[in-house]
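These are the structures, in structure tokens.
The following pair of complexes shares a single chain, subunit A, combined with subunit B in the former and subunit C in the latter.
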Partner chain A sequence: MPAAGAGGAVRRLAWRLRLVFLFAALAALPYLLSYSQQEIAVLLVINVLLVSSYRLLTLTGEWSLGHVVIMGVGAYASALLAKQLGVPVPLSTLLGGGAAAAVAAILSFPLFRMKGFYFLIGSFAAGEIIRLIWKRFTDPFGGPKGLKRIDPFPDIEAGFLSIDFYEPVNYYFLALVVVSASLFVLYRIERSRIGLTFHAIHWQDRLAESVGVDTFRYRTLAFVIASFFAGIAGGLYAHYVGAVNPTRFSVDQMVYVLVWAVVGGTATFHGPILGVVALTVVNEIVLRALGLDTVRPLIYGAILILSVLYLPNGLESLGTRLRARLQHWRGGPAATGSEPA
Partner chain B sequence: MDLLWQTAVNATYAASYMALIAVGLVMIFGVMGVINFAHGELYMVGAYCVVFLYAQENFPFLLAVAAGLVFVGIVGIVMERTMFRPLRDNPLGGLIASIGFLLILQTLAVLGFGRRMGHVPPATQDKAEIFGAVLTHQRLFVILAAILLLAALWTFLRRSKFGRALRACAQDAEAASLQGISMNQTARIAMFIGAALAGVAGALTAPLVSPTPYIGHSIIVTAFIIIIVGGVGSLEGAVIAAVLYAFVHTFVTTFFDGVIANIVGLALMFAVLVVRPTGLFGARERA
Partner chain C sequence: MTMQGERPVLEVRGLTRRFGGLVAVDHFSFSVREGAIHGLIGPNGAGKTTTFNVISGFYAPSAGRVFFRGLDISGRKTSALAAMGLVRTFQGSTLFQEFSVLDNVRVGRHLGARAGFLSRLLGTDRQSEREADERARETLAFFGLEELADEPVSNLPHGHQRMLGMAVALAAEPKVLLLDEPFTGMNPEETRRMMALVRRIREGGVTVMLVEHDMQAVMNLCDTITVMNFGALLVEGAPEAVRNDPAVIEAYLGSAAADGAGHVA
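Take a look at the complex of A and B:
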């Protein structure tokens, strides 16, 4: 970027430093947590991938209610491949992502005939049908009880190095690596020409069509990519927890993904990540410490309503607002009277 | 033959309470343009009104049903005032806020009544026989109440001034407000009626379904299927689709099983979405 000049280089350096600090903090994190908190941290990392992949889909302006079921497709596929066919787990997770992407590609034909509210309901219906198929057909899906004793991630034994992935700390690092790599890919996609086209379809679909963009193909592409990464998240989940069942991927779980994305704010890449981290910390640490297990959904519901009403652009807009206010303060006493409500 | 006829009678009962729920959901969508995801929980609250007043406090059944209708209607007004009115220009926000409200209602029901099924004794043990098919008076009562309420609603919407204002708002909110119709007032009435219909359906069926705090989930799925099949903006379509869906679902449940029936219902909705997104009876295009 010639126009940015030295300022751009400094900013890029600051950005890289921040990333280094972030990863250092993430690497130190599990050693500050209790065993059960480490387990939560693993699930949190997996959920970060789930909600970030969901954001890619929302870039085109469509909100799906089937994303968690798509994650389940990855989980079931990876578990079955490992259990029944003996596919090694890292490969099965990748293939699980592929299966999720394939299901999404098939579903896109009926689903992208719909838009807006109809797409929302249509994706919900498609997801429920898949879920009921898992529930109804015991062979091979295990029926309502689901699949149990799913093969874990294989231990690494290489001379002095031996890593047991039953340990949450080790699985945390594994998930962190997979999720960071996936986030990097998602980020690059969003910043690429394809990502810009997604934005164009969201805000100006007629205009995009008129300049020759095949909106159906780009919507499908966003859906397939998002589903691939949701499927990877599903595989990570299945081989960590060791069991999957239809209830785990019900619409209730989808509601949580929606909450994370909306509370965090979908306008930026980091918004939904902020949402899932903030709400998981509130949910698992603060509310659990207070012993308020039963009222947790109530508080979640209240947070959801309040954030839609008062923070329509999500938590990430809070930073922007604070910064604006700070600058306003620095602007001197003359400006204090005109504070916008 | 007997089984067929009996199943048809059962389906008629299912159709009547499903119609009440779906018509309420369509009213709310029609006037406010928001999909009320908490509609199933409004049904649940209505059912728990009967659990509390009739099964626990021994008030007469009819009084408990009436209280359920009014109470859930008021809950609807609260939803309109606190969520849907500030979010009027943001349909997705309204939907998400209603999901938040759903979680709150569920938790309150768990806190008040526990997670387990609430048991409600039937208000009457009598049963009628119609050409060999058995119909308990409890179910007959639901059918009659549904016909009565829907007829009353239809008359209200066609004949009264409020009804005309309501339909005007549903057709074109801006033009209606230019004519001096208060959007807030109309939305409040629509929300009261829509919620009260779900509440009364829950109250009436409480002795027949053994309510749990999580019963709303299956209700909202059913209601979505019905309003999509019937056409999202159409009240008449919702009633016809409720009858159609109730017959398909009841027959498939009787002759196959419940899960297959749910899959068939969802597939029916999916097919309608693909082939004719405006629904079988919805004439208007709605985005």
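Take a look at the complex of A and C:
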């Protein structure tokens, strides 16, 4: 026991060090970027939350096509609360998340009567209905043009400290804090018994049900939590960009989320994050430099097909493969254990 | 024949289940006494599995009722039945194949390991999780699987997987355990061990009802046997009586279980 305890402590320390390095790198990042790249970095941080929240839903085995619309629910709700009712923006973002969660809770009654492909199509239809409502009702949703001049995040003025969130650098740090806290919660949920139950429902819902798991309730729980954080991402987006419209939350955008998740790999927590970071870098640096950013969908499609063919477990499996290869070269214990030499 | 009360713990009354034009179960009634090992047998297509699925809440009855400890449970959700103490197993190796052996049984502890959402998030559920872990390991030890706790399920041989399936169900602390063909695909040695385990489960105060094709096992294990044919009750009684009943022999003649020696099995 003491040896195992010490090993655990070392591993924990290694993890903490890694996290410290990660956050140091993330803190230094905006100062290495141009202004327009800083703006992209803000959106990237928001997209990390969007795709990570999406993964929580996929743990139960259900893939939705409505997740970006749910993000939009958070964005619209937060924008309207701030614009029309004067709710302070930090609070309106939180309430936007709550609104997205509430919509998900209602939608789960029709949607979770379906499974697999039918759920996928059902979630698409539900999303389109919400988008039609935004388009049809100019008051309060602004119709096809959407909402403009959404209140920005309030400046912080406290003595010598003055933070203007119109600056991408500052908003980047704000988003980083909110998203990190959200990811921590998502991670804790997955590592708890709730996460175990989600996985159990994915692999054998009948068996889970037979030992007392109310599968409908747990599917709804996953959907509501995922939607809450998608709504938070929507609020962060709305108050940064200052405008939302129905097209911004169309199924085209949803396809990008799917590509990020699939290319990154949904088997691990960090897989989809790797996916969105890698593809954003490819998109914004490589494609832009080559002047190919107009053919983004084509390139994304090619990347999706290639990754499904050659990296079926996503980018995250690349790390595991490399580690195994390294260990093999060194003749490490894992390699000798698994392969009779 | 120990510990059997007179009160039925499980009772099926006038159960009918139709699938479109097909009547799979037709006005079928029987009851299971508390503390019994009760077998439900019959030729292929007799309606055993359908009856089993209605009792365990996978199908709602088309007509008739199911009572559990005097309470009408017809059409209730499987998870709600598990919470009341009525837990079923599955045919074959229906398990969480991607999980470790221990995690399978931990899921089985779902009802026992209660904690609120916030305490899960903050990790204050540690106490209840540690208890759940211990109970899961005890359950594994009961089936002799404790050495395999950290193995992925897919590495287990078929016989062990069947036992793990029962361990998952037992972890839910049932009052009545419904076993769906527990001996199918097992070799004689595995069957013998499984029968001993079922007896021990009953000695622990759990009533057992099973659907099974293996006549030898059913005859040796059960206190009472209900024979179904064409969706309805054919005969019910002790194994010796059922074995020599002309109606039973006739129902099985021509099917694989009949051995032409004048009795079944």
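Definition applied: the second predicted complex is superposed on the first by the 326 of 341 C-alpha atoms of A that agree within 3 Å, B and C clash if a C-alpha of one lies under 4 Å from a C-alpha of the other, contacts with A are read in each partner's own complex, and residues count from 1 in each chain.
The rule is simple: a residue touches a chain if its C-beta (ideal position, glycine included) is under 8 Å from a C-beta of that chain, and two chains touch if they have at least 3 such contacts.
As the structure is a computational prediction, the values presented were derived from the model and not from experiment.
By the touch criterion defined above, A:Trp63 lies against subunit B but remains apart from subunit C after alignment on the C-alpha atoms of chain A. Applying the stated contact rule after C-alpha superposition, one finds that A:Ile133 touches subunit B and leaves subunit C untouched. Touch criterion met: A:Arg206 reaches subunit C, while subunit B stays clear of it.
When the two structures are aligned on the shared chain, A:Leu298 is found in touch with subunit B, with no touch to subunit C.
In the overlay built on the shared chain, the residue A:Ala278 is in contact with neither subunit B nor subunit C. When both complexes are overlaid on chain A, the residue A:Tyr118 reaches subunit B alone and has no touch with subunit C. Comparing subunit B with subunit C, more residues of subunit A are touched by B. In the superposition on chain A, A:Pro110 makes contact with subunit B only, while subunit C stays out of contact range.
Chain contact summary for the complex, subunit B toward subunit A: residues 35, 82-83, 86-87, 90-93, 95-97, 99-104, 106-108, 110-111, 217, 221, 224-225, 228, 232, 259-260, 262-263, 266-267, 269-270, 273-274, 277, 287.
Of all residues in subunit C, those touching subunit A in their complex are 56, 58, 77-80, 82-83, 87-90, 94-99, 103, 106-108, 110-111, 113, 115, 117, 120-123, 125, 129, 132, 168-169, 171-172.
Partner subunit B is touched in their complex by these residues of subunit A: 63, 110, 113-118, 120-122, 124-126, 128-129, 132-133, 135-136, 251-252, 255, 258-259, 262, 294-298, 300-305, 308-309, 312.
Subunit A meets subunit C in the complex at residues 185, 188-189, 192-194, 196-197, 199-200, 203-204, 206-215.
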